[in-house]
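Heads up, the next two complexes both have chain A, just with different partners, chain B and then chain C.
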Partner chain A sequence: MDARLRRVNKEIADCKNDKTSQIKIELIDESPFHLKGSFPGPEGTPYEGGYFEVDIVIPESYPFQPVKMKFITKVYHPNVSSASGAICLDILKDAWSPVLTLKSTLISLQSLLCSPEPNDPQDAEVAKHYMTSKSSFDDTAVYWTQVYAGGPGPKDKKGKGSGKERDEVAIAGLEKAHVDRFEQWDSKEIDALRRLNYRGPNIAQISDDRVVEELLK
Partner chain B sequence: MSSDYEYSDDDGDYYDDEEMIDGTQDDEEGSGDEMMDNFGDDFKVAPKGKHKSYEVEYESLSQQAVENMMQQDVDHICGIFGVDEDTASLLLRHMKWNKERLIEKYMDKPTSVLVAAGVSLPEAPPPPPPGRTHTNAATQPNSRRPTTRGTSKLLGLASGPKSAKLPASSPTATYATPKPLQRQPSKKADDAFVCQICFNDAPNLQTLSLDCEHTYCTDCWTDYVVSKVRDESEHSIRCMAEGCALVAPDRFIREILLPEPGAPILDSKKGEQNAKTWIRFQELLVRYFVACYHSLKFCPYPSCTNTVSCPSAASKSSLTTIVPTVSCGARGIGSEIQDLTQSQQFGLGLHGKEHIFCFGCPIESDHRPVICNVAKMWLKKCRDDSETANWIKSNTKECPTCQSTIEKNGGCNHMTCKKCKHEFCWVCMGPWSEHGTAWYSCNRYDEKTGVEARDAQSKSRASLERYLHYYNRWANHEQSAKLSVDLYAKTEKKMEEMQITSALTWIEVQFMKKAVEEVEKCRTTLKWTYCMAYYLGRGNEKELFEDNQRDLEKAVEDLSELLESPIEPENIPTLRQGVTNKTVYVQKRNEIVLEDTAKGFLEGRWRWNVKVEGFDDPEEQL
Partner chain C sequence: MADTPKTPSTPQNLRRPKELPLDSDAEDELPPLELPSANGLLNFDSDDFSNLTPAQIYEMNQKLLNDSVPTRPLIDILAPMSTLLSEYENGSPSFLKQIDWLIKQGFDRVRRTRGDGDCFYRSLGFAYVESLINSQDREFAVASSLSMLSSTKDTLDKAGIERLVYEDFYDEFTFLIESITRPDPQGLVLNSDRLLSAFQSPETSNAIVIYLRFLTSAQIRLNREDFEGFVVHPDTKDPMDLDSFCANVVQAMGKEADNVEIEALCRALQLNVDVAYLNGVREDGVDFITFRNDSNSQAPPLILLYRPGHYDILAKHST
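Coming up: the complex of A and B.
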């Protein structure tokens, strides 16, 4: 039997037999080389309670070349692209070792959610958010976990009655007062402020003219 | 040419010199001359005797010659440190072949250097005393460790998943000595072995490990090495275990890829692939070595494995005074690419073409007389779309009301904008209604706004025209050089024809071929003189340069015309006379251009009209 196939089959079987790790690997179609992995968000992080799915493609020269993984579930994290789900992790690149398995790689992804590396970001905007205002970043990450990964949502009981717009402001990690100030200009004020990173101490450095300029782009 | 050339020890010493590593070359001229004298006879490319001012001294080295240089460094380190060859070469590679730094660091902290280079494991005891490892190496000609496993398959399956923990932290000190491979039989020889990569648990499975004792089956090791070498072009191959930093020594890789005689024959396809991987691995090692030295450069032509050594062009500052055009001496494409037939090579213009390239920059041709920085700047300008904008600026105007860009392609000055229907005068850009009765001739021409607009426009047009003037001539010579493939074929036919129609022998018609070669060479020079002229600052120097350029161009065109002229049997003697004379003349003119510019660079005579790295700022701005 082909060594790659034997190895992948065994890895899938091992994962099925292991009840403790909560990591799951399933087939997407007929091919054993295109899989879907999933794991729960780690406790004590904004991702807690969510369930994250990962697209796994096993290359021809596996296990001597690393597996290709990306998030199917949208994740708000500095090392994960908020648009494509691409992951920035050393073991998926040069630090790959043939001894690593699908399961161990998925566990590494899980622990990546615990410990972001904002200095080596995949998504610069998210990383900027993380660096400038950690608490606002956490709010957004919790919100994304709730919306996309089936998480429980914010723990404080403010009630969700404040309408859709408020939520959008929260996703972008902005404050409503700031958004309202520029609302008259354009309906895309949330986007623009997010791009400018209009948060926390940054606000003092961004003139209103600069914001308007960004809005009119 | 370099295959039959014996590498001598003298050259090795030359490279051992510390100066080489720094890329400086102040006092090296003397030894360089000596070197050329010793080998001048073996080299067609090396100039004999005193070299011309526009040529640099260089030497072509075969892969074998570079390997010998590497071997000398390795031997040197072996002698000093008392380590075996594999360790020495791993240490040298780790230090980017900087021997002095390695010696310094190693004398200071041998253990940490050994660990960092991937030779020994962390927390290792100091390396064994000199001499011991040599005996070790000598007594281990075969470091493969075939292990026969007698346990049943069933047992292996059962224990397989549970033995997933690797023996990574084997505390035994004996494994940490910097000898290349383990020969001791595995302590767990009785347990069923399951390769943790392919999960193969077959009895009689052959396994291998480095000093770290991370054992995997030989097939996995082979696949791993092949994948690293062929897919990633990696020459430093680490142990497969996660986080293990040990690097596989060359002997280990060789044994994996090349079965010793008498070993069971693999399937031939795989064996062939492995052998190719071994060749590729050796090439990668040489390439890495070459990349570590500023005075060496790998030949950029496809599948050529030669290296050129050019110490005089090793430093960046030297590139402002010389144009280091070199050749590795080989011609055409190496025989390894069998997919390319002779005719295909011919089509690509590579057939029999000498591997000429610039030592100082990535341009794969002769760009004399112009220096690397300026040539690079020119090529970038030609590639950029910036000239499109220039064209728009010179050929269009904007509608005064709606700002649409308009190109006037005929008709009178009474413009009506297609978009906003605004009527205006093309000359003064004012509204047409204000022209009153002065139809078709603008009497407002000299008014304030008009003067400014015209100035801006004519300036932009002049700069575009200037660029196009140089570019067209540059491109023309480039095109001609490309067509030279056809010219070669045509000339060869003509030469045959001449042999038939006249009493001339083969050797006597060679003047045609010589002339074609000379024309091609001169066209390359001419091409780059236009780049040079474009950037040269105005002044007497530029005028003299352009005079030389003009003389060469005229001579080349005359000769080209002669070559293209039809052959009549009765005028062959005159043709021969004319072509030979002109060839010599063209050759002389080419030399004058090259020599004069080269001297100019050495004397610091040339002034540019733009900022060029390593030169003073231009006085005039264009």
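Coming up: the complex of A and C.
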């Protein structure tokens, strides 16, 4: 049996036998080199209550080369692409070591959700949101956790937790009152405001003319 | 901290000599890249790097690195020292004089390794197994080596390295050493030629490199007081936290080693090692940095050749 397969089999078995860990690793298809990992969002973060799935591809020279991981579940986080799920984390790149396993790497992803690194972002827009208005960022992250990861939704806010209809304004991390000012309700306005980072203290800096200009682009 | 009497066992040679240039892998420098054509080669449509995600840039770097060193094997046959002379023909004459000096001392051959950042561990691993093959009492040398290696598992366990991640590498390493005295199904035992082909196969070669890296890391972390204060970031040379040093520099593939790692690994394997510094800082000889950790300090050392940023194996003509 080749060394990569031997190692991956051991890792999968080790993860199965570990009843205390919250990390799960499953096969996606026949291949032992394409897997799905999953873990609960960490407590005390906007991701709490959500369940996050990660696509895992084991490269040919594993464990000498890093495993490839990206989020399947959409995550609102500065170090995760909101579009593709790509992850910016040093151990998945040049800080990889064969001492790491699928399980320990998934645990590192779970900790990444606790401690974002907005100065080394994967998603610049999300990072900008995190830096300009942390509370509004948290609202959006909670909302995404609810919509995409089965989270409980916002706490202490009545009438919002149904989760049936997707609130595009909240998904973009904007506030409804700000979007309403630009009347016509479609995704174009939301996109424009999102691009302008029309959030928190920035709103005072962005004139209505500037918004209209962005809309006409 | 560095010179407190509490650390008497820390040898002076943990400090890198000040005059050494700090660049790396002079011999395997990449040719200048023409970026647009390199892009085409790598299936990136855009000629604008700012459009690439960090992950894409990383992938591209890795691919370029992999493509840039295809010609040199992981470790090569013994070559005459004179092959090094040609590399310095247009460079500093002091390098040429130092090479001549080494040849006059009897170091007339060199076994070169690929400049992939793992050259120290690969050179040391090869030289170590070869010394077992060449020892006068092979049975005894192999048996002592296996018993010493078996005890290194405890070192790794104590340092919290999971058995799951090291046992395959350990098995690969000890299997190679066992085959020095135990014939394979064809009735062959390991000799220098078979050792070379084993070390040229990435699976075996990298397994041994990584086992040596784990062992180095464990040795450093279990003897923190000996090494703390000597640990610096390999690029910036700024002091570095010992645990992140072990995680990011020692345990990761492709990261170069320095005197801290050499000292730690020689202690873990109980080895005597000499490192000849071919660095052009003097013309009338070559400095040897010596590491003595064999219980017999007179045991012949393994000899490595250091050129700024790179290690090879140095050999004396067999007499």
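Here is the rule we go by: the second predicted complex is superposed on the first by the 206 of 217 C-alpha atoms of A that agree within 3 Å, B and C clash if a C-alpha of one lies under 4 Å from a C-alpha of the other, contacts with A are read in each partner's own complex, and residues count from 1 in each chain.
The working rule: a contact is a pair of C-beta atoms (placed from the backbone, for glycine too) under 8 Å apart; a residue touches a chain by one contact, two chains touch by 3 or more.
Note that the structure is predicted; figures quoted are calculated from it, not measured.
Look at A:10: by the touch rule set out above, it reaches both chain B and chain C.
In the overlay built on the shared chain, the residue A:122 is in contact with chain C alone; chain B does not reach it.
When the two structures are aligned on the shared chain, A:93 is found in touch with chain C, with no touch to chain B. Legend: residue contacts after superposition of the two complexes on their common chain; A:61 is shown touching both chain B and chain C. Looking at the shared chain after the overlay, A:81 reaches chain C, while chain B stays out of its contact range.
Greater residue coverage of chain A by touch, when chain B is weighed against chain C, goes to C. In the superposition on chain A, chain A positions 3, 6-7, 10, 14, 61, 63-64, 97-100 are in contact with chain B in one complex as well as with chain C in the other. Remark: chain A residues 3, 6-7, 10-11, 14, 61, 63-64, 81, 86, 88, 90, 93-101, 122 touch chain C in the complex. Within the complex formed with chain A, the residues of chain B that make contact are 161, 166, 196-200, 214, 216, 219-220, 223-224, 227-228, 231, 240-244.
Chain C makes touch with chain A in their complex at residues 53-55, 58, 161-162, 164-166, 168-169, 172, 202-203, 206-207, 210, 213-214, 217, 247-248, 251-254.
Every residue of chain A that touches chain B in the complex is listed here, in rising order: 3, 6-7, 10, 14, 17, 61, 63-65, 91, 97-100.
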